[in-house]
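Read from first to last, the chains carry the letters A, B, C and D; within each, the first residue is number 1.
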Amino acid sequence: MSILIDRYTRVVVQGITGREGSFHTEQMQAYGTDVVAGVVPGRGGSTHLGVPVFDTVADAVTATAADCAFIIVPPPFAADAIMEAAAARLPLAVCVTEGVPVHDMIRARAVIDGSSTKLIGPNCPGLLTAGECKVGFIPNHVARPGSVGVVARSGTLTYEVIQGLSQAGHGQTTAVGIGGDPVLGLTFRDVLELFAEDKATRAVVMVGEIGGSDEESAAELIGKGYPKPVVAFISGRTAPPGKRMGHAGAIISGNRGTAQSKIDALTAAGAVVGDTIEDVVRLVGERLGVHSQR
Amino acid sequence: MKLLEYQAKQQFAKAGIATPAGRLARTAEEAEAAARELGRVAVKAQVPVGGRGKAGGIAVVDTPEQARAEAARILAMDIKGFPVRSVWCETGLDVAHEIYCGITLDRDRRRMVLILSGAGGMDIEQVAETQPEMIAKLWPDPFRGPQAYEIRQLAFTALRAVPALAERAGKLAAALVPLVQTLHRLSDSLDAVTCEINPLVITAAGDLVAADGKLEIDENAEYRHRDLAAELARDSVGDDGATGEDPYEVEAKRRGLTYVHLDGYVGCIGNGAGLVMNTLDLVKAAGGEPANFLDIGGGARADVVRNALDMVLSDPNVRGVFINIFGGITRGDEVARGIIEARDELHITKPLVVRMTGTREEEGRKLLQEAGIVPGISAVEAARKIVELTRGVQGGVPPALTGGQGGFPPEKGED
Amino acid sequence: MSILIDRYTRVVVQGITGREGSFHTEQMQAYGTDVVAGVVPGRGGSTHLGVPVFDTVADAVTATAADCAFIIVPPPFAADAIMEAAAARLPLAVCVTEGVPVHDMIRARAVIDGSSTKLIGPNCPGLLTAGECKVGFIPNHVARPGSVGVVARSGTLTYEVIQGLSQAGHGQTTAVGIGGDPVLGLTFRDVLELFAEDKATRAVVMVGEIGGSDEESAAELIGKGYPKPVVAFISGRTAPPGKRMGHAGAIISGNRGTAQSKIDALTAAGAVVGDTIEDVVRLVGERLGVHSQR
Amino acid sequence: MKLLEYQAKQQFAKAGIATPAGRLARTAEEAEAAARELGRVAVKAQVPVGGRGKAGGIAVVDTPEQARAEAARILAMDIKGFPVRSVWCETGLDVAHEIYCGITLDRDRRRMVLILSGAGGMDIEQVAETQPEMIAKLWPDPFRGPQAYEIRQLAFTALRAVPALAERAGKLAAALVPLVQTLHRLSDSLDAVTCEINPLVITAAGDLVAADGKLEIDENAEYRHRDLAAELARDSVGDDGATGEDPYEVEAKRRGLTYVHLDGYVGCIGNGAGLVMNTLDLVKAAGGEPANFLDIGGGARADVVRNALDMVLSDPNVRGVFINIFGGITRGDEVARGIIEARDELHITKPLVVRMTGTREEEGRKLLQEAGIVPGISAVEAARKIVELTRGVQGGVPPALTGGQGGFPPEKGED
């Protein structure tokens, strides 16, 4: 069991022939992901990495019954690629592109909201169901199958957590990197709701960071009686206020969005918050122990 | 990218929003000429920060001579670290009321939010806290934009809260419809994350005039607005090349790096904002003080890593560097190659602690090992190590680390 | 029984203080329509024709529970008024304004399609449920209660048919003037579907004209086995091709949209088509006779 | 309102769509000067109808002298009733392919439809009938407009049908994205019901150039485009005031009336297009020939009715007038007042048949009766009556109807 993707997921890669598109398609194939098609306008009819390439997503879906888009195109084309995936009624689209203009994403998000497509990203590492399928950048060797769900904003901290959990013997169901942009698809709350329904997931690790209030919104959900233990981590606790820390959208305004406000909200809601990734791994072990004794 | 007041107003005027007549002056003489043309004017410092009025950056003058003198004074100022490169000389308005009208990004709603308030000229966040009934908000559909009826609803809600405006709310609502639609189109076409008129003046004659303007362009969309960026650069970089911004950050921008300058002594480099933020947290938790935030981003190649090391080490306060890499899109071999090149070409002698894991970590480790470098400790341990190696050092080069090991002794034998 | 409006309908008039708005509000009140509110931006708080006036439709709905908008505003403001009615979730909006720009209406129609509001018009005479309620221009004295449903594109021909039916003793359930603009709300087909469900309606008169293909589309519905007799009339049979006859959108292009193509389609579908209004009235009498003998 | 080719192209060019270089010439001398400037040009008659090429309204010339001569010839022409007032002198293109790109109103879908075809330079409706696979259609959301991916889908569908274009479909699709988006924005901002480039030329160099243009503005939206209407008027009305359009229809337009001139002798006035169309049908069914269609519209007042009667009677072929009024928004008393005023002031002597019912019919009938006019018969009977009164008449005034009854004897005693 898992959320969003599994061994039956059929992936179409939008931007498959690019340098990064090629590299990560190969990595995904090496992980076992069933990449069934690529889309590059004007390259329809060719083959790349053993996969048929189409001019449009609609063509690819008709020919291959793909049900998940992996979008790895330059920033000016990302929003359009997302809309194209939504128009083709793909259940899931994962956009890893960094640097998408925010107005583009506001429009794309409005289209997603009116569609049946779930979006992950942009500016995210994608997601991975351990041992079955990965769509995105998460390194192939870090995850191992198990019962911990992971959801994180930062890509690299997603990897850190997965690796830490794996090394401590706590395998994962699915790890989702939702991305750090201000306007994105699935949020912490959305992914937590999916994990709540997934029988194989026994605990959830949530890795947040300063900026925005998505962690607070997730805390609200947890506070209403979330059915599984949640172990959280918030990065950026020492970031000076008012300094924008890279692309993560980690900018602090007023009292909202500080590390402390997030930690307080999560703690009050019943989640346990670790100080370091090592802490988080340890706390998960404790929770799973408690949990498995029931 | 924050535009200067005059740039914002020029954008407003071009779009059809009324603004006071004004001229830009880069010298006292130009200010004098502007005052001769316009009469009584306010001479306003053009800097990308608020609070210039309190700092003495605005003067109202009656004669061209006064304009010259005040412009000379203001152009010599430095406001919150920003040298004043130009002044905007602007005619006054016959103000009856001041209201607020702005559009900004609402992260929680994943949309732009349109804010209208009868309380203008003030900090809107403070108004929102103390007088929430004075604020009306609208989250327009991004494709449709705000419809006339939506703007009227917004206007009636905001203006009814102000007794002096309630009576003329109908006329004001009608006048606000095209103004707000124009402002929304502008925020859209300029990729503005903030597009604000505060105060929006209602003149004695009943006209709406933008008395101040704030426009901040989305950094991800700067490639669509190179002209505005060029204009901004012309007005913020002096003959001396100074911009008022942190010189290290200016240099980092020139080098295309995502860098934030901090006050400590441990250089921090990582791939991914979250990881670098965590690196800073770990350094601080270990008792050290980070000197910077530097994210080499996803998919960074060897030359980027070298560039980053060079950048971090240009700060003389830096006593050592912690490189924290978890390869996803970034590949270990590329990073290793960058570190090796940097060590050789930059003749680095300060301590470096490298922690590397993730995609192609095997290849990366092999490269580093072949070059005599040993990576591979955990992030927490690496943080402790770099702090240990730099804490006692009082700047300059620690004597113990000037040997022939190319600056990488800490890594030895720690895997 | 009736469709769309009845004695319980609560009408808000957008543009109530205008010359025409005032006149027709009085006419509607005289007919017995329950006009509960008016909307004129900037006139909120006043009273007009004994009815409270509000600045916005939302205000009017909150205060009066209106459930039908009568929109009688100048053409540049019509589309906005329609969208405002839809945003206030009124079940029905009737726009009589003539001369609305077609691009405005395309946008308004897209909004209507995404809303729960039914639109009638623009450029239409509105509708009337005999003896109960009227929203629009249909003269007060022509209708009488009965069992014939009327749907027409032209306003004046709507009146003609109602008067003819009434004089012949065939009362009406509801008469709907859908309007002649190229982009409008409810179509012949939509209204026929409503009449099909209305128990009180025993026969339907449909008055079409040249231009467009809405009559052909209605014929398609009738051909699928419409449960009630349909008597049709098509005006403009002698109009020279290529001449635009006023605002009715009656312009003939190719073979589609000619009077003959409409008459043929309707006849083939099982409707009976009269040559004059008098004919139509006579045919209705025959159908009702046959029908009532069952 | 149909714009002339050069107006359409100017709009295209202003929006950023490539068009051939050209100059407008209103005289042979101007055409000569244009050819001197541009070199080899096509001299093209500017008339708001198709088929000018076949009619001899286009000439390709090599020298300024030829341009002068051909322009003089074309400017003296009359194409399908439209006198040529100006010529557009335009440079040629190195044509590789011709395709079609247009946006027009789709009544059935209640939206604009975007049409792209690999078969350009031809009548698109004929292509649609004979080679439907050559046509690709898109009905964009009116707020969102056509998205890039939708345009690419459209382009691949249309271009794959043409073997010569299939290979370069990728590049063409990429080039069509901004062009189609621009065209859509233009159709939106100009309120165009048709906005068409045919042919859209693919040059040997691979560029897309609009070689011809058609723009028709929605009449309901003309108030938003007065500038274009004024320009059109300047180019279509000669010194003699002639436009090539039906002079009666021009006069009606000047008077603000919805009027169509026909060939018969029975004047027809009514309120509402459906009613007037039916009036024409009834006159024809009764054996008469309608002289016109005149809709006084909803809510028409007395002066409009008088204006309408004056208009209809200005056609000498009209032997009598049938006024058919069913008041909904139009009120009987207003119509009656108009008829009475018209009779008195215009000294009408030709037969008039008035049929009036609907809103305020009582008041209207009373007014007419007080003035000695009897209305009130049914529409079918009224049609028979007017035909009876006019059929035998060979123009001029029928002797039996020149009495002192003010021209209304037919109505007497028929109620």
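One rule holds for everything that comes next: a contact is a pair of C-beta atoms (placed from the backbone, for glycine too) under 8 Å apart; a residue touches a chain by one contact, two chains touch by 3 or more.
Nothing here was measured: the structure is a model prediction, and the numbers come from that model.
> Go through C-D and B-C and name the pair with more C-beta contacts between its chains.
Spelling it out, more C-beta pairs touch across C-D than across the other pair.
> Farthest chain from chain A, comparing Cα centres?
Chain D.
> Hey, how far is the Cα centre of chain C from the one of chain D, in Å?
Each chain reduced to its C-alpha mean, chain C and chain D end up 27 Å apart.
> Between chain B and chain C, tell me the centre distance in angstrom, where each centre is the average of that chain's C-alpha atoms.
Averaging C-alpha atoms per chain gives centres 57 Å apart.
> Express in whole angstrom the distance between the two chain centres, defined as the mean CA positions of chain A and chain C.
52
> By the touch rule stated above, which residues of chain D touch at least two different other chains?
Only 141, 143-144 qualify.
> Listing for chain A: what residues touch at least two other chains?
Chain A, residues with two or more chain partners: 107.
> If each chain is a dot and touching chains are joined, what shape do you get: line, ring, star, complete or other?
The chain contacts form none of line, ring, star or complete graph.
> Can you give me every chain pair that touches, using the contact definition above?
A-B, A-D, B-C, B-D, C-D
> Would you mind writing out the residues of chain B in touch with chain D in their complex?
141, 143-144
> Hey, which residues of chain C end up touching chain B in the complex?
Residues 41-44, 55-59, 77, 80-81, 83-84, 87, 107, 111 of chain C touch chain B in their complex.
> Quick one: in the complex, what on chain C touches chain D?
Listed in rising order, the residues are 20, 24, 27, 75-76, 96, 98-107, 109-110, 125, 136-140, 142, 152-160, 163, 180, 182-184, 207, 209-214, 217, 235-240, 243-250, 254, 275-278.
> If we count contacts the way the header does, which residues on chain B are in touch with chain C in the complex?
144, 147-150, 152-153, 156, 169-171, 173-174
> Which residues, counting only chain B, touch chain A once they are in their complex?
105, 107-108, 110-112, 125, 141-143, 187-188, 191, 193, 218, 220-221, 223-224, 258, 260, 262, 270-278, 280-282, 284-285, 290, 293, 295, 297-299, 326-329, 357-359, 361, 378-380
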